[in-house]
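Here's a structure for you.
Naming follows writing order (A, B, C and D), and every chain is counted from residue 1.
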Amino acid sequence: MSAGRNESIPELICELCRQFYDLGWVSGTGGGISIRGAEGIFIAPSGLQKERLRPEDIFLLDHARLDDAHVVCPPADGRLKISECRPLFYNAFKLRDAGAVMHSHSLWAVLAARLFSPSGGPGEFVCQGLEMQKGLRGQGNLGTVRVPIIANTAREAELTESMAAAMLAYPDVDAVLVAGHGVYVWGETWAQAKTQAECYDYLFRAAVEAERLGLGYQPRVDSKPRV
Amino acid sequence: MSAGRNESIPELICELCRQFYDLGWVSGTGGGISIRGAEGIFIAPSGLQKERLRPEDIFLLDHARLDDAHVVCPPADGRLKISECRPLFYNAFKLRDAGAVMHSHSLWAVLAARLFSPSGGPGEFVCQGLEMQKGLRGQGNLGTVRVPIIANTAREAELTESMAAAMLAYPDVDAVLVAGHGVYVWGETWAQAKTQAECYDYLFRAAVEAERLGLGYQPRVDSKPRV
Amino acid sequence: MSAGRNESIPELICELCRQFYDLGWVSGTGGGISIRGAEGIFIAPSGLQKERLRPEDIFLLDHARLDDAHVVCPPADGRLKISECRPLFYNAFKLRDAGAVMHSHSLWAVLAARLFSPSGGPGEFVCQGLEMQKGLRGQGNLGTVRVPIIANTAREAELTESMAAAMLAYPDVDAVLVAGHGVYVWGETWAQAKTQAECYDYLFRAAVEAERLGLGYQPRVDSKPRV
Amino acid sequence: MSAGRNESIPELICELCRQFYDLGWVSGTGGGISIRGAEGIFIAPSGLQKERLRPEDIFLLDHARLDDAHVVCPPADGRLKISECRPLFYNAFKLRDAGAVMHSHSLWAVLAARLFSPSGGPGEFVCQGLEMQKGLRGQGNLGTVRVPIIANTAREAELTESMAAAMLAYPDVDAVLVAGHGVYVWGETWAQAKTQAECYDYLFRAAVEAERLGLGYQPRVDSKPRV
């Protein structure tokens, strides 16, 4: 998919990262986004402040080679390294043929994962009855939404296998929560990935806020995670 | 009413949607606004990111024909579809002769509806004693504000009848809450609709925050919904 | 005091109102600011959206005549009316020789007032031990801050006398809370008024958040309001 | 380190202060930042609104003389005074050879300090298991993060010694919390200082939000502060 409105994909990535920073998703250099275009896979570097990225900071990787990271066009600054999220982003490209993947450290994702998996181990986030569910793929109604939660690991790349297992166990879901960490969300296009990321963040926050009010959107008892 | 300050109505709609996005009302492509001008009824398309709308994305519909959606001028991109909210927006144009209607997915509206209707069924939001009530039509004092809550439905258009019934039952109120979903607010002009939407959002949040503090703005016992 | 940096006072008022809107202080056309300059007293009109004010919307009143509202220069649009806050703003000009006054509907002010005066009647907000207190006039240390709370009234202008009484009872304090309504804050200059308004809002929020956590910044027992 | 992208250090300080204002770290003229460049130490003046600083407001001090404040280049306005934080900032330059230090009044820092030191006396903030910890120096894993808390004092400069003592007791930590006040965070470069400040703020908020939910990121019992 094209980047949309007279923007190149690297420009779009920079603009989206500024927006995600304002949403509290990518502070402290964490989080990020990767988009697949006709030229290959665009991905941000590691360790840079996401709200200050410039188009010349973005890597372009070969999308014919999804088993490693073959750089087609490096950033202007040769010292930059590819984001540690690359293998996780590639899960979505390989297993789902995604057009874009994003990773958020939103506190709502972390608190929701904690609520449904207090130990930090594998689990499942569940909610139902909220209109914003309809923004998710395959969710045209108000039924139950289930999102797998996987345990965090010392190094981000070590999540690759458990994230892939969760994706296989939940083929209808375009998100994986990581306990104490955040969430990965993808879509066919960058717009669908972003829309779904906003819907999930809303659902995570709604569950946390309802819990605080002593209400109960989350049927915690019924939850039987598949991984 | 004119759009105000050297802006066309489509430009104004785009600007307001960016503002509503920052307020958390229209994330994930949800929510929106429709404004009636001399030329007809302007309405945003379905499924686009609201903070990224451009004037050429806006539909212009015939306001002499409120029983269907007669397109006077379609958006530049012929694939766009009219917002699913259209029949709900038309309730306000038909039943109240509104100049503008907006629909927000604000979490404060959803939590307030949940607080007053834990089952998600029909109910009534009640508050009193808050200065911001004075920004609502017919509320020059600090008396009781009542807002009808209707149950949500699988498809947005299916809300049309229950919303109309609530509007008839509450002729002095310019808002209808939808459980698990959000709120519709209208006014004689876009400015009045927006002002009232901001006042309602404030009241919804105040009720939720007061409940969290163990205080009690909301006299839940007295509530006898009319629908 | 001059408006500062190459801005006229009407321009400054518009800019500050946009900033206050982003802080959640002046939504729904509520709240506002009045600044005294060499030419007279500048004040916003009633009922306009505060984040959309333009310099030509601002009234200029005669500051030699503080007992009524003598318009020196009206806004370009002759239908506009002076803000209903005028008599309240004039309390600060008359009783304290203020250079600027602002009025916020911040939810933190409303919740803090509610916490210290659950009935909505007169009371006193108390806090201590917070660094941000030092931004308040006469508060070079971490001792106790006291802010009078007055009851709200059906019409804003009816607050004039009780606000004046509170100001006389608390000569060292540059703020008056109004239950269910908001807060008035003033200062020698617009910069001091704004700085104090930000410090007070922080203290109100800190008290509310601490209460939610079951901690206790607010020594409620010691409170003996003077009005 | 250079200021980065075509900006002078004074311009960068102004831009960062605007960003910190939006994050709620430097309202009411509180908080600030100091950066060391080739020319010396750049520091903001006292008492100015941080989101409105201009490059010509910034002091340049001699970095060969860290025991006093030798002004190399004063601001354009001769009435301005150096920020009261200077001796605290100098702790980081002297004891850690920092390239930048920032000071935030974030409510999350204040609430987190209160949670771990309800009396306001010395203590220790503790958290573990959160991905954002990895953005901190020396924290490549998910182990325990400890941040010293020192008691506040009537005048900011009086914190100098206890802050230095805490820094010596926690040589691997680049932050010191001040009870009822905020936090100091530093780094080798302004980018590292900012990244760490964002990570710490996230951790402080996560601890407060988890406590509100009745969860427990913070192992309060294990805490044995070193100062």
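The rule we apply is simple: a residue touches a chain if its C-beta (ideal position, glycine included) is under 8 Å from a C-beta of that chain, and two chains touch if they have at least 3 such contacts.
All figures in this text were calculated on a predicted structure; none of them were measured in a lab.
Chemist: Which neighbours does chain A have in common with chain C?
Modeler: Expected: B, D.
Chemist: Compute the rotation angle for the C-alpha superposition of chain A onto chain B, expressed as a multiple of 5 degrees.
Modeler: 90
Chemist: Let me have the rounded angstrom distance from the C-alpha centre of chain B over to the C-alpha centre of chain C, please.
Modeler: Each chain's C-alpha centroid was found; their separation is 30 Å.
Chemist: Taking each chain's centre as its mean C-alpha position, how far apart are chain B and chain D in Å?
Modeler: Distance between chain centres: 43 Å.
Chemist: At which residue positions does chain B touch at least two other chains?
Modeler: Residues 212 of chain B each touch two or more of the other chains.
Chemist: Can you list every touching chain pair?
Modeler: Chain pairs that touch: A-B, A-D, B-C, C-D.
Chemist: Give the list of chain A residues in touch with chain B in this complex.
Modeler: Against chain B, the touching part of chain A is residues 4-5, 129-132, 135, 140-142, 191, 194-196, 198-199, 201-202, 205-206, 209-210, 212-213, 215, 217.
Chemist: In their shared complex, at which residues does chain A touch chain D?
Modeler: Result: residues 27-30, 49, 52, 54, 105, 107, 110-111, 114-115, 118, 120, 152, 154, 178, 180-182, 208, 211-212 of chain A touch chain D.
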